[in-house]
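Scrolling down, you'll hit the structures one after another.
Both of the next two complexes hold chain A, though its partner changes from chain B to chain C.
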Partner chain A sequence: MRTPWIQVEDLHLSRGGRPVLHGVTVSAVGRAVGLVGANGAGKSTLIGALLGVLRPDRGKIRVLGLDVPRDARELRARAGVMAEQAGIFPGGSGVEAVVFSGMLSGLARREALRRAHRALDALEVGEERYRGTREYSTGMRQRCKLAMALVHDPEILILDEPTVGLDPPGRAQFLALLRELRDGGRRLLLSTHLLPDAESVCDELLLLDAGTVGYSGGLDSLRRASRVEFSAEGPGLDDAFAAALGANGVAARVIDAAAGSAASLRFDGGAEALSSFWRLAAERGAAVRRLDRDSPELEDAVLEAMGVSHPR
Partner chain B sequence: MSRILGESTASGGANGANGALTPVVRSAPSAGHVVTTIARREIGLAARRGLVRILFLGSLLPPIVLAVILLVQIFAEQTFGTNLGWDPLLRFLQAQAIPVALLSLALGTPLVARDRAEDVIFLYGVRPVQPWQYVLGKLLAVAAPAAALMLFPGIVIAFLRMSVVGDLSAAQGAAMVSKVALAALLVGAGYAGVAVGPSAAVKRARTALLLSIGAFTLPDLAARLISLRDPAPIGPSTAIRALLASLFGQGDASDGLIGAVALITYAVAGFLVARARVGREMTP
Partner chain C sequence: MRDAFSRESLRSVSAGFLLPLASARSLRITVLAAIAVTGVVATLRAIGLLTAESLDALRRAIPVVAVPIAAALLAELPIREGLTQRTLLYPLLGPVSRGSLALGRTLWTVALVALGALVASAALFLMTADRSGDWGRECLAIVLGACAYVALFGLLHLVSQRGLVSALALYFLVDQPLAQLPFSIRVLAPSFHVGSLLGRSPSYQLPIQVDTVSVAPVVSALVLLAVSSLAIGWTMRLFSRRDLPELCG
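The block that comes next holds the complex of A and B.
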């Protein structure tokens, strides 16, 4: 069994007198954990609490085995943070900002300079590194921010909306970078409202819903726990068949009745629903030409976990 | 793609495929490292600004004038065989305080305001940097050049008087340097507080500059309103004049003490204002 690198127990945290997190309990073991939730769900507050920047009203937090907020400074020396809300250290070039970031994390100047160039090389920032950061495009800014988070070789990376503002190719490239970091052994906490980003990088998901944990666990488990749908096609799969399935407790609807003698039917459920379907098909002489199990999209699964129906 | 992306040294081993880089630190850096890192960066960035360069050169003017005066004085005393009995140090230090004040304002007023405007204070918060370390780094970025510009000419004068003029013994020279150092320290701290405190209060460097100018002038106006005949030296500039006069001239010792307390108060107030603001902005 893998050791959790984030352990939160019964975390309560208020900001400005308003409770933001209430009773959050999480144990994350995945290499990359996606932190998702609606605006105002408490994602940024949770990140602040994990880094010891915000003090909880009550509850326990351990990250990388360190007690937070007591050991917060040590944790921050071992963590790299790329924040959406914050920019790049102003006033100088990209490489200067990265060097400064490394020095703030404890590196000597010479070492910080060497590592800054390596990080920028790795992120494919060429001669632009010597230009003032004010001239950077969004993509270049994101790379520079990631280099600032990486320069001191952190064990964990906390990324807050890292792909915001990137065009589709830039976004795909950036997500590939994050996967490479993950595969290299770093642990990632990726806060995002873009579920495809989380799906692309993360193996574990932490869903915050109005300050509480809506779901915490593997992405696959979330999909499995979510509603499964089947699509079937063939003669006899008509309204009467759907009604008969409904009478057996399986929600079903005809989705395409105009396909000649064949109709398409969609129904929800697991193994029992499937068994009812086959039994009814045999009883009513329906010829099933095709039966597909529709794997739910992560977005559907997340919405379901939040108790929100998808606006199809 | 370089291995730096794909190879964390979580176990503490050497980093990178070529092993050229030493293992990175895993514990939080010392407060001294953080404070000096911030101060050095700010001084380096400020040195690129034209205004700061001009003011820095302007700050070198009084020491040059003083050196000329000293040379003329030495020449005259040697030629006529008389002791003119005139010590230009007090006038020099009082004159020097003016360009140093301007330099401090140009250096210090953008420091926190710019970070607030660019939303980067949070970046310090998520690194092993405490709010007080951040503020101390900014204060040091102003205080260190200001103090150095006051101290360095004082050391030169003491050296000249000990070695060329010969009117000071080594002990007297050391005492003089100590007094200049004390004055330089207080001037640097006071100016830093007056520049950095207002910088933390607003997001625009120009507004911070106006606030700083207010901090330079309003206390003296208030002191004059309270006592027109004998206003207490509570404004930064009058505090420095009183302090220098009591240390190097015939000034009133109590006024010098009030001046020193006033300068310390400006430094502490600047620190506290900036600390309070930065503490709030280091949170997400």
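The block that comes next holds the complex of A and C.
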């Protein structure tokens, strides 16, 4: 069993007298954890609390086995943070920005410079590193900010909305970089409101919904736990069959009655629904020619965990 | 507090303060003001309108006028400027506590104000005819005055969005008038103690008997250090507990 690297227990945190996080309890073991939720759900506040920058009203936080906020300084020395709100070091070149970040971590200038070049090389930032950061494109700026987070070789990376503002190719490149970092052994906490980003990089999801945990666990478990739809085709799968399924507590609807002898039916549920379907088909003599299980999209699963129906 | 003095912490605090300094708005304004004053003084001196005695008076005004005004402008640097320009987020994410960050950045600002004032004072000292004055004492008044005013005004900048106006109002409407009063209450004004360090406590010939205490320079030095420590301590405490919606939205 893997040891959790983020453990949060009954975390309450208010800002400006307004409760933002209430009763958050999480235990994350995944190599890359996606922190998802709508704007204002409390993602940035949770990150602030995990890093010891924001002080909770009550609750326990442990990250990498360190007690936060008591050991927050040690944690911050072992974490690289790419904060959404932070600009790049104003005025300087890319390499100066990364050196600045290295020195903030306590590195001597010479060592910070050596590591800055190494981080920029790893992120494939070429001669552009000597240009002023004000001239950078959004993609280059995000790479530079990632290099700033990586310069002191942290064990964990905390990324707050890293792909915001990137065009599709830039976003794909950036996500590939994150996957490389994950596969290289770093732990990632990726805060994003873009579910495909979390799906592309993370193996675990922490869903915040209005300051509470909507879901916490593996991505696959979330999909499995969510409503599964089956679609079936064959003679006898008509309105009467759907009504009979409904009487057995399985929501079903005919989606293609015009097909006559080969009507199509869609119904929701798990193993029990499937069992009711087969039992009814046998009883009513329906010939099932095709039965498909539709895997839900992550977005559907997340919306379901949040108790929101998908606007189809 | 021990972390404040480790080599890594000092590097972190210093880098976080010094590297973005060139883009700091308040520093630019102060430097431009200093260049303008220097230009006017040099021009007046060149055309003979400024005598050696006037330069002496100008030099003596540095600890009591220039230092508090520069402190009012630059006391934005430790925290307020970093909040408004968002340059404080990276230092906050470094391995240094907020208290140490506030302490280190305030001390760097004190050094900046004191250094600028000492350079100006030294230049005027070399240009004046009469070098018999106690320049060492002036230097001490500059350093301790910078400590007290930067610490006090830094606290004002932290608690008020209009820190500069509040600091200038405190200096011109409270501190200066209070120090001129012929009563014991004047010992509450930092500028009284700066004057006392320079050996320039105002004395009065009054028709009534009032208690016009004078204070020994060493006591004034201790008072200024105590004021600085209290204000910095308060700043550290407030900053450590602040919500910082400007940075962690």
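Just a few scattered comments:
The criterion applied here is as follows: the second predicted complex is superposed on the first by the 311 of 312 C-alpha atoms of A that agree within 3 Å, B and C clash if a C-alpha of one lies under 4 Å from a C-alpha of the other, contacts with A are read in each partner's own complex, and residues count from 1 in each chain.
As a convention for this text, a contact is a pair of C-beta atoms (placed from the backbone, for glycine too) under 8 Å apart; a residue touches a chain by one contact, two chains touch by 3 or more.
All values derive from a computational prediction rather than experimental measurement.
Chain B and chain C, once both complexes are superposed via chain A, clash. In the overlay built on the shared chain, the residue A:A122 is in contact with chain B alone; chain C does not reach it. Of the two partner chains placed around the shared chain by superposition, neither chain B nor chain C is touched by A:D167.
Of the two partner chains, chain B and chain C are each touched by A:S44. Looking at the shared chain after the overlay, A:A77 reaches both chain B and chain C.
In the superposed pair of complexes, A:R114 makes contact with chain B only, with no contact to chain C. Counted by residues of chain A touched, the larger count belongs to B, out of chain B and chain C.
Residue contacts after overlaying the shared chain place A:G16 against chain C, while chain B stays out of touching range. Contacts of A:L54 after superposition: both chain B and chain C are touched.
Applying the stated contact rule after C-alpha superposition, one finds that A:E135 touches neither chain B nor chain C. Shared contact residues of chain A, touching chain B in one structure and chain C in the other: 44-45, 48, 51, 53-54, 73-74, 76-77, 81, 83, 85-87, 89-92, 100-101, 103-107, 148.
Remark: chain C residues 3, 6-9, 11-12, 15-16, 19-20, 22-23, 85-87, 89-97, 241, 243-245, 247-249 touch chain A in the complex.
Note for the complex: chain A touches chain C at residues 15-16, 44-45, 48, 51, 53-55, 72-74, 76-77, 81, 83, 85-87, 89-92, 96, 100-101, 103-108, 148.
For chain A in complex with chain B, the residues that touch the partner chain are 44-45, 47-48, 51, 53-54, 73-74, 76-79, 81, 83, 85-92, 100-101, 103-107, 111, 114-115, 118-119, 121-124, 148, 150, 152-155, 158, 160, 177, 180-181, 183-186. Residue ranges on chain B touching chain A, taken from their complex, read 1-10, 15-16, 20-22, 24-29, 33-34, 37-38, 41, 45, 114-115, 118-120, 122-130, 282-284.
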